[in-house]
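You will see chain A twice below: alongside chain B first, and alongside chain C after that.
Let's turn to the complex of A and B:
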């Protein structure tokens, strides 16, 4: 009885979902899953080189700059959400096209796609480099890159809903392992290292904080989920919570890194949390505990990669106007493998990420939400008031709500409504 | 359709098997029995090359309680070998050439710096610890008075089967129960090496006979200014036979206090030593003291009192005026009188006696702290991390760096506000006296 009611409720929610062509169906996600996936997408970088790069630029106030950056990113997210609300009956790329026109809309979609692919490739390189440095010194890095790409692709192949569930599973594991590292290496933490409070200066801190908005470069890409959330409010609540979660994770990770590695020592460290994991000591012959922690963080990064891949697939599918994403998988996989293999070192991959993508390019992407919203308002695309659109407008093609696409792009009846 | 499904399943199975095989460590595996596990490593100046490295290789089966190896290795716990090189890894490669197994420092627990090497430049051992994967940040650093080669080769692990375990426990116990030794890992050493707000220090050790000396704690070490150099030479005099020979029989490790480092010119090097009590005072100033025992004498009444401090709360009040820093250590100590030796005819001790003990303890502690702080200032070394507290008074890093703490530290005006509280005096009210 309860199950039947639950199915009935889900069916109603599915009907209320903003659903439009040419959106492929990958399953549906709720607000908490959006929060966690956004958190993984934007926050997992703390396990890599991010704290070092920020602290190297601004010193002891690095953790303040991440707070400023998170605040500005939330502001940028507000613009994206307002735009998403104004175009709530359309999928991401069609909404961009409607707002900016076909050419500019596709151009912006390509820019976001490029940010996702570059972020995924360079993150893969950094993770693989960290694994080689920290765990498997005799292991060819190309094999680790291939494993990371294949793992991420496999997650993406299984679908958005599967990746979301995996994110839910690995979220507590990631948090527990991180807390274990911080507690285990707590002897090295000295809060006095957070001073001088303003680092290289108040102006530099604020400027760096503004630049750190770019850390959320791939944040706009989560708007592709507007077609996949169970209810429209899931998107705003989920992404806001996710950005906030990521901001808290990055801020805490950066602050902990500085308390252990005082300025300017932090600027020499490539992977502070990785080294912190090496500082957990249980006994003379029990010293490789970092293998356990980095093993868990490897899955954390794999979830992040899966999320990035699936967003890339959705964008590609929408840009190409097809109803399936799987034909893109091999090509995207090879592209990511090549992109991850090109940087000659972990440092160069980090510099590409933090010198370009996570700075000016990221800021432009985050801020473009407000531009889109203003253009949408000028063009008379008013925000939807209350209620959810039922089905789609006739101009967007036949309604797809309640139907599900198979891998080959053929429609099949949704199982959600079957009893 | 069926063929496609079979093909897909085959590809998936192949993928899973590939992942399982490659992620299980089958690639580049390293068997434990093919490795020489270095647990204690000593560094000296080389004769032909820059570095002379001595390693004590662990013998796991001996550590596990079974039969050890043969010859010297079995009696000392571990197998010592020496090689020279232009740097640490070059010397490790030299060790590799004389051992049958792969030399690995992944389990290195103790790094011993010979004093002669430490007084020259410790830079050569710092970089490799933060750059090479095998070295770990948790490795403890010590400085020994003799050549590290002699120290590493000759000490016996006492109750332990693994030499590194003995030294680690020795450092831990002297640090936690008496406060007479710093507890410094390589990460902390590197942090202090690489920042201006503190300087490195390490436990200072020597080879000794198994009979503990009674006079080393009273003999403060000094820097290189020559003052008291005779006393410094005598530090740990009880370790040696009157003729100056090395002790015969079992050679154990003895903690003398701490070795203090500072930046001199372009290099960071050892500049002096603190004796056991001074190290305790330095630990107290750094806020790292947990327990210690203070011996106090009352010559007029022939009393000897052992006062055990069980808790220390330390706060620094810092005031900066111009280029001068005024620091007041607000120290609250809680202790107990653990032993009293009094004249047999003395009357039962009363309230006045406790007040006298408290007053004397406060005065003695203040004198010891003042003496230790001035000694550190004369070394121009800040191992007590006072700079880390002073930097909190500055808003920005440029302001802090312009203040030039290493130059200001010798001029710091330090005072001590000490209050001692006694919790109890044991299970008895009065001392025993003969009837």
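Let's turn to the complex of A and C:
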């Protein structure tokens, strides 16, 4: 009997062996890739849109509030990392379930999933709207939305490693195009627009800075990568580097926007960096930088969308308890197409994005890491004591514990650290 | 048999095939290699047919195998050795065996020299082998299959009456092209030698370049019946063992026996069916040697002068060996020109269509007016004009390759009419379009690798379509999709975009050409056993040393250490005494 059981187990193990499984693995990512993906996720579209919203609310001290917001987001991230450390053997959703119980855990996972999907849909709408206004005025916006959804989805369809590599390829292009706009806009910069620094007063500025933590609402979603990083320390280094990168990007964008556009004017502009790009004169051969900037930022947004999609896929698969993500692709694509088609204008899409993500709900998501950590400690979940947890399996965890999600529906034993 | 769903086939071109991904079967860093041939594919050990004792029977068997008398090129010659008389049959294939060698190494000794010496009648085989046949390679064979294999390889078989053993004498000598310059990868400065169609000559050329015992040349028969043979080359001390094992596994797992060309083999060992090449094919021995020293492996197929190299990065397809043979600033200039030409050939026609059709506001007014004026008499929309010109150019290019050389110049005249002044005068195309196509054509010829050039031809067409459908948005979207596709591909388990994404330490030297003394790292993304080409200081004369001096001093140092250890460890004296001895006489 025992022999038969061990034979059966052996067969199962053979079937689950990576080289005999008829599916593709999601793959593993390293620290730099995590940094860039987090940077794209949090900084990409935010960089273009938010300066106006923040400046309209806070005035000339908007750039200080983004610094405060970034600092608080890093603090929130620390809580999430501590919680991830305490639940090291488990995948993201099973870890949430183990910490908060099935109902509350799923609820929080749904909230994060919703933030990702809403972010993806509204970003798609903003990109499509920008393309219609600036470049393709006679084009139906639905077609552009469909193109944006399909391009983003294709990257996610190919897997996490592919998205990570694509992020690495497009990062220099994004940086160069942004620097070109900022340098080109140098002649419009007026430092006097920055004064007074503490326009609303110190206390009010810090309070508004705390509100800006909501900019990082989708930040908790990067914890889904905890099962897919090559080494455990990659997650903490990568995500904190990514949040810092996004914070720097948003701060620079906001500061440049404020120095160029004086306070009351900036509150009326939706896309200050885009307008700056339009104003940069290159020369008689190619008159404006706007087209180049717009198309480079199409790549940037596509990478961001791919990152959001892959996170959404992983969350959906873990919530549904299946070991595949590709069947979700058509449904998620249609959902995002519908979501992106709803807002009637870029402005309304931007306001929705701001309203959904950048307010109290976003702050709650960022801060919930500490709550999770405290609950985990109360429930006796011990933090990892250094070293490498590769191959460790949780004996009492939920079904997905310690296993990797793959593209085609089979689970695979944890192989962290074999690379 | 149920036909395959056409949609699935179409989808399989752009998506990773489930269950056939390289990641599934092999990853250099993460997976153990199960160097095992798939079940049922292992070649069964050959159970040889014994050679009959009577020479007539054995020669009849051979004749039956070679379908004699229907096969007219198989020669059987019965002779009788002089002293003492022994009946011998000599068999070989005319054309594969060198008739002069057969004459001088087999027939003359048997017919003329056998009368000179007596032999031990008990062992005529040894006598023939050791004393009579003067060839460098004479082997005893026990089975009929071995004899057939030998004859097919160009050897001559000597069957003896009353013995169950036969001899094969090396007489290979079929006609082949002599070693000449490479046709497809010409360079100005550097070695000019190219491979030929003979496997052994090709391996010898590589060995003559890499004069090292570390170079391993493994012969591998392809398929179960093995109509052809290939050789796998790698440097034992450099190439990653997992990589070598995986390549060997893939080669041995091929069940097709009729793989006669490297182009076919390339597709057999590639991970996925895709437009983009992931195996580098080269005709240059110096390039093969270079990659072997970097940690890659090479595969040669008998009868094909092109050698496959894998794993490689996508940048290897844009590089030329000449980049290294000239001074580094010139090499970089050449590389930059090639990168730009690659971008031009892929993007220029599509972007031109997109800008003229959709984004006229991007173009300065004067240029816009010029384009509008030139297009005014043209009756076609811009995309039709572009497609006509594109196909016209492709037509000329294809015809130029196939056309017989005596009427070769004709194609130039016809080409000039088709995409030149005559077409413009007839108001079929605009002059600016001719310029765009001409730039694209010239740029296409600057792409050094034929496989990549083929890919760019298809990519150009796709970008024209994308630009036509959605302007620059279409071009940008297709670029993103293309990069995603590139990022998902691997070459023998190594990401095709490897030095760029993921980033490796050797990225800089893969992108641009550093000075020769600065290229200390090998291609680290193939994870060679030894990452460094040179120790910490590549030019010892910079610090006033020579290689031999350094070697001598390191040897002396080691000896001194060993001596010190023995003296400390032994009972020949105390620790202090040992130290005193190490210090030597004052």
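In this section, the second predicted complex is superposed on the first by the 361 of 419 C-alpha atoms of A that agree within 3 Å, B and C clash if a C-alpha of one lies under 4 Å from a C-alpha of the other, contacts with A are read in each partner's own complex, and residues count from 1 in each chain.
Keep this in mind: a contact is a pair of C-beta atoms (placed from the backbone, for glycine too) under 8 Å apart; a residue touches a chain by one contact, two chains touch by 3 or more.
Owing to the predicted nature of the structure, the values given are computational and were not obtained by experimental measurement.
Asker: Contact-wise, after the overlay, does A:233 reach chain B, chain C, both or neither (first, second, both, neither)?
Answerer: neither
Asker: Quick one: is A:190 in contact with chain B, with chain C, with both, or with neither? Answer first, second, both or neither.
Answerer: The first partner, chain B, only.
Asker: Please work out whether A:279 is in contact with chain B alone, chain C alone, both, or neither, and reply first, second, both or neither.
Answerer: A:279 contacts chain B only, not chain C.
Asker: Could you tell me if A:360 is touching chain B, chain C, both of them or neither one (first, second, both, neither)?
Answerer: neither
Asker: Of the two partner chains, chain B (first) and chain C (second), which one does A:200 touch, if any: first, second, both, or neither?
Answerer: A:200 sits against chain B, while chain C stays out of touch.
Asker: Of the two partner chains, chain B (first) and chain C (second), which one does A:143 touch, if any: first, second, both, or neither?
Answerer: both
Asker: Between chain B and chain C, which residues of chain A are contacted by each of them?
Answerer: On chain A, the overlap between the chain B and chain C contacts is residues 136, 139, 143, 147, 150-151, 154, 284-285, 287-288.
Asker: Give the list of chain A residues in touch with chain B in this complex.
Answerer: So the residues of chain A touching chain B come out as 59-60, 133-134, 136-140, 143, 147, 150-151, 154, 188, 190, 192-193, 195-202, 260-265, 268-269, 275, 278-279, 281, 284-285, 287-288.
Asker: Which stretch or stretches of chain C touch chain A in the complex?
Answerer: 15-16, 18-19, 21, 23-27, 29-31, 34, 358-359, 362, 364, 366-367, 470-474, 476-477, 479-481, 483-485, 487-488, 495, 497, 500-503
Asker: Mind listing the chain A positions that touch chain C in their complex?
Answerer: Against chain C, the touching part of chain A is residues 18-19, 21-25, 27-28, 30, 32-33, 131, 135-136, 139, 143-144, 147-148, 150-151, 154-155, 157-159, 161-162, 164-166, 168-170, 284-288, 291, 295, 298-299, 302, 306, 407-408, 415, 418-419.
Asker: Can you check the complex and tell me which residues of chain B touch chain A?
Answerer: Chain B residues touching chain A: 15, 19, 22-23, 25, 27-28, 30, 37, 39, 60, 106-107, 109, 130, 133, 136-138, 162, 164-165, 168, 185, 187-188, 190-191, 194-195, 197, 385, 388-389, 391-392, 394-400.
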